[in-house]
Amino acid sequence: MDEIRRLFDTAPFIRDLGMALVSIAPGRSETKLLLAERHLQQDGVVHAGVLATVADHTAGTAGASQIEAGAYVLTAEFKINLLRAARGECLHCVGTVLKPGRRLIVAESEVFDGSPDHSRLVAKAMVTLAVMQTRSK
Amino acid sequence: MDEIRRLFDTAPFIRDLGMALVSIAPGRSETKLLLAERHLQQDGVVHAGVLATVADHTAGTAGASQIEAGAYVLTAEFKINLLRAARGECLHCVGTVLKPGRRLIVAESEVFDGSPDHSRLVAKAMVTLAVMQTRSK
Amino acid sequence: MDEIRRLFDTAPFIRDLGMALVSIAPGRSETKLLLAERHLQQDGVVHAGVLATVADHTAGTAGASQIEAGAYVLTAEFKINLLRAARGECLHCVGTVLKPGRRLIVAESEVFDGSPDHSRLVAKAMVTLAVMQTRSK
Amino acid sequence: MDEIRRLFDTAPFIRDLGMALVSIAPGRSETKLLLAERHLQQDGVVHAGVLATVADHTAGTAGASQIEAGAYVLTAEFKINLLRAARGECLHCVGTVLKPGRRLIVAESEVFDGSPDHSRLVAKAMVTLAVMQTRSK
């Protein structure tokens, strides 16, 4: 888990976007993103690409919690439904593994918007992760 | 078409990412993105969230070319398969409408990576767009 | 709800497959299918097409519980992950509406296999339903 | 290819549905289904589950054309967009491999309805196939 924490935002795109890891446990991860103007569509709601990135990376982190040392996960595909226009101070995302596996892991992500007092489910994704082995030397 | 050109990168997230519209025609759009370090995963390949954003926004632009004045499109859902690790100087994306409609438009996007000399299909998405009417005053 | 019960298996394909409605409540439906040899793949597990049909029709039934009289739902698209090889006496499926709407409804379906004593999640689907109005004369 | 031909409709569900293999070549397959009343929804159009089964099995057949002897493919997940109400005498489906691979194959399927004279694209699917090894004794 410490390794996952350490690696979470070493991806430049994740650091640039501003995503942060809230918690990690076997098969489950939580992340958040403080929203800024640059995350938005022209109409002031969060861009689908931001929601997709958050959903994908959170699912990948949940999947990474259930693989052996030396392995890593790559997203093979995902599907996301955008349920409501997302706005507010921040996004909060929960990723959950539906099916662990040696070769494929399936996870889902739920993205919530709003403030701590008023949170709504704004997007839901299903993500298929391929488990890769780090090449030995 | 001029209106679509004008609106293309008024979305702050698209301008921030660096996407540019290459061409637009009825039911078809082409975009590109010059890759920088901030678009990458920790392992140096393009982050799935970048590919998803490019695929979604390009499909939406293709869909926007087939609606009436006063209407706009919102992504209802999309699915993307990441076919190969994406790298190189830039991404190039072609969005094509599979089925126009008054309420729903279905489009697909193909994302290519690499340089002008050596280009490969790295991701493919199917996108469902909802056609919305701008509220009259 | 009585109308949904009455219509459930008037679709010839559903009656032919053998699906039955177990329960219906606002935003939720449960169905089952007694498995026979004709539902299988060559290797003795349930064919993906059977799982997809069950997931789709159960989600549609859940969606139909949240529309007005005179309207009906059509599947616009769905995505299904096949998590485990499905076998056993029967399939059991729960459909849940994630987001109701006047034009689009998003629902998910979980399909379980096995016997009453031993049940496992074998597939999960996300389904986008279009709400249609019956044409008045 | 002969082996794929031989195995095509050994799946009881495919034989029961009535699907037939039209042609097979490396990375490409064509199938057809003569429509009967039992393939329909209550409103007389083809049930989404039939279209999904045809799309899935045709993509799997295209994928099976690009694996080694002793291996087989299983559908990991698929997504299908239903573009138009499908009707007419028969369905015709073309499956194409987008990306071959040793562990995962991605294919797409296009389903057409109608008669030989008048055919329309009614559904399109993207399918992720897992390549499995037959266990040696």
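A, B, C and D label the chains in the order they appear, each numbered from 1.
Methods note: contacts are C-beta pairs under 8 Å (C-beta built on N, C-alpha and C of every residue); 3 or more make two chains touch, one makes a residue touch a chain.
Since we're looking at a predicted model, the values are computed, not measured.
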Lowest number of touching-chain links that must be crossed from chain A to chain C: 1
Chain of greatest Cα-centre distance to chain D: A
Higher-contact pair (C-beta pairs counted), C-D versus B-C: C-D
For chain C paired with chain D, centre-to-centre distance based on mean C-alpha positions, whole Å: 21
For chain B paired with chain C, centre-to-centre distance based on mean C-alpha positions, whole Å: 32
Interface hub residues of chain B, defined as touching at least two other chains: 76-77, 79, 81, 106, 126, 128
In the complex, chain C residues that touch chain D: 7, 10-14, 16-17, 37-42, 47-50, 52-54, 56-57, 74-82
Partner chain A, residues of chain D touching it in the complex: 76-77, 79, 103-104, 106, 126, 128, 130
List of chain D residues in touch with chain B within their complex: 79, 81, 83-84, 98-99, 106, 108, 121, 124, 126, 128
